[in-house]
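Pasting a structure below so you can have a look.
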């Protein structure tokens, strides 16, 4: 008798928790509070589809939302995160289609590819970001042509300029190592790009692939034996273990260069590149053009980031025996 | 709810084929075959390889099934010929497949938007229903044959199989190949559905498959439903639950936990719900008569 | 007829734990029911394992009706040998129904194909076979075996092992796990089965009364050797118990019901 009661109570408790959370689930909807002048009385609904929790992707999302608010556009944001599950990403996009959103903002390749399938046959425009090569991912057929309601801002780093930094950091440097997750297509693209650009300036790339974060120490070991520097690309697995990678590289005396400023905060020596927050802002600007200015999306080809930032980690700099007046650090922001 | 329900049915049907495959090894053969995590994307990448070489979608999809069954053969060789424990054999196959999958197209993500698929010109859900039902019917027929029964007996009691004059290993091979073939088929279907083959699509797929099988077992558990029917209903229910969670607009950070809670609530209702209390009431009344 | 010639088998050979179970062991089993008795660990079950091919001996020949089956694997020997184990679940497929189990046993050692297993025209025949067991199983054809009692499962195992008249039937303490009443029922049915089909049978038992009542010949093994070989009508329960106890060093023996 008693046991029965316990079972009943448990079921009720669980159902209550479920219902409560469902009710408070409204936090996924963010109402844009325009801080600037309101352009007009139109309210737009934008569905934001993020693939996974990740500082860079989170930054892009925030940049997008902030810019919409700054520009005074009245937006209701529907924010969803696929938690790394491709089938979820598709369902999220389908939900946005069902909710008849005015625009979908997708963050990262897998969310974007999933959204592309969902908007087929609809006239919902899509703006992506945090995608490295939209032609490779077939989001667009040509980087300069927008013909299927999809455009966006790529997160491609200024590779050649980054590699050139190494020449200032270590005299007569010949080989640069790259650590990357063999399972991320964006990373392969970047490794190949790095090889291409390195060749142009007389350097060689020695890439070392990993398939799990447990492989990192060994990979760094290999790199320190074969290369004299470490180039950090935009790779989710490496990004998730940045403090470890930075620490190991520092121990082995390898100068490290990245395209992402948040990496420098975690110990990487110097960064020159895009800010994920900035490309989020840039995407919002595109969205505003489409929604408010009524610009036809086909007139907006895919864009590269228009702001390059430089950052240096002072502690790492000292540990590697370098000083502030090194050419590589010109015009950089110093952090510890 | 329309497009969302449709999406959950579509994904549910793709996972139904996966669940039927996993049911063969996990449930019938009692063999925890972890290679599934590598075989699912294998199907996707094999399809991608063939379709990008100009082969038609149907043949490419069938090729995925074929290569999937080869993965099952690999696990068999590791387990039976090299005498490696079942769990480890599956993990080894899965590990090998990771590299194989990357090498098949030289990329970890192959976009398929520009290529034809089995869904061309037809309603996606119709094609999926046809495939899922066809797989179910063929499997039901197979499990009623002499060889099918020996497969079941192998999972039940190997000694019995030997006493019937048969080599139980032969049936483990059949089970592993059939199972992985279906899993790869499911992967090829998913690749065509989502528009790309992706190396990470196998991560967590075993959880999905097993959850589908378990949910399917619990739905109307006292009814005499075939295993295949349960696998299909389980997969559909599991995906439907996920769709509900997303449609409620739940805070993204809670999505996974809520998914689990909905499944728990669902299962609790089934275990402690009206059906059960009816039976308990009857028992209590009968007891009261002494 | 089964001939066992010069059989040698030891466990943990070459180590300090080496146990020599059999050393040049010889035994001839004729067309009758032979009760195999012996102390625990004397090698009775090992003998059965060697005969059915589960375990390979170091030396020796197993000749069944003129065929030397030394090189046959376990599933190949199953063509000629049926075996019922002490555990009622070892002879059946618990998740399948009685009908499915019997249909499987009916195809024993034939080619298994993609044809349907259950043959409607055979159901009547199976019902008759089950009826003879007097347990009402003929009315439970579609019940899954896992829902049956131990006694019901064991009688089904017996039927399945003996159905196609094997050349040799091995009964390995097949009633030891059952309650006395069921045990007696199974033994009666066993005798019926092997007498009507004239199946050469070897029956391991610890029950002296059963051994005398249900077998034609009693063989007792101790220390890897045959120490007693008599026709059961030529020995009494008391004498047999006496020999048994003297060898058993005080181990309890099953009390006859």
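Per-chain numbering from 1; labels A, B and C assigned in written order.
Operating definition for what follows: a contact is a pair of C-beta atoms (placed from the backbone, for glycine too) under 8 Å apart; a residue touches a chain by one contact, two chains touch by 3 or more.
In this text, all values refer to a predicted model and were calculated from it rather than measured experimentally.
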Check: What is the shape of the graph in which nodes denote protein chains and edges denote touching chain pairs (line, ring, star, complete, other)?
Finding: line
Check: Across the interfaces A-B and B-C, which one involves more C-beta pairs in contact?
Finding: A-B
Item checked: Rounded Å distance between chain A and chain C, as computed from the means of their C-alpha atoms -> 70
Margin query: Need the CA-centroid distance for the pair chain A / chain B, whole Å please.
Written below: 33
Next item on the list: Could you tell me the distance, in whole angstrom, between the mean C-alpha positions of chain B and chain C?
Entry: 42
Notebook entry, point to check: In the complex of these two chains, what residues of chain B are touching chain C?
Noted result: 142, 144-150, 152-153, 155-157, 159-168
Item checked: In the complex with chain B, residue positions of chain C that touch it -> 74-76, 78-79, 82-83, 85, 89-96, 100, 103-105, 107-110, 112-118, 161
Checklist line | chain B contact footprint on chain A (complex, rising order) | finding: 4, 7-8, 10-11, 14-15, 17-18, 21-22, 24-29, 50, 53, 78-81, 83-88, 90-92, 94-95, 97-98, 109-110, 113-114, 116-117, 136-139, 141, 182-185, 188, 211
Notebook entry, point to check: Once bound in the complex, which stretches of chain B touch chain A?
Noted result: 1-4, 6-8, 11, 98, 102, 107-109, 111-114, 193-196, 198-201, 203-204, 239, 242-243, 246-256, 258, 261-262, 264-265, 268-269, 272, 280
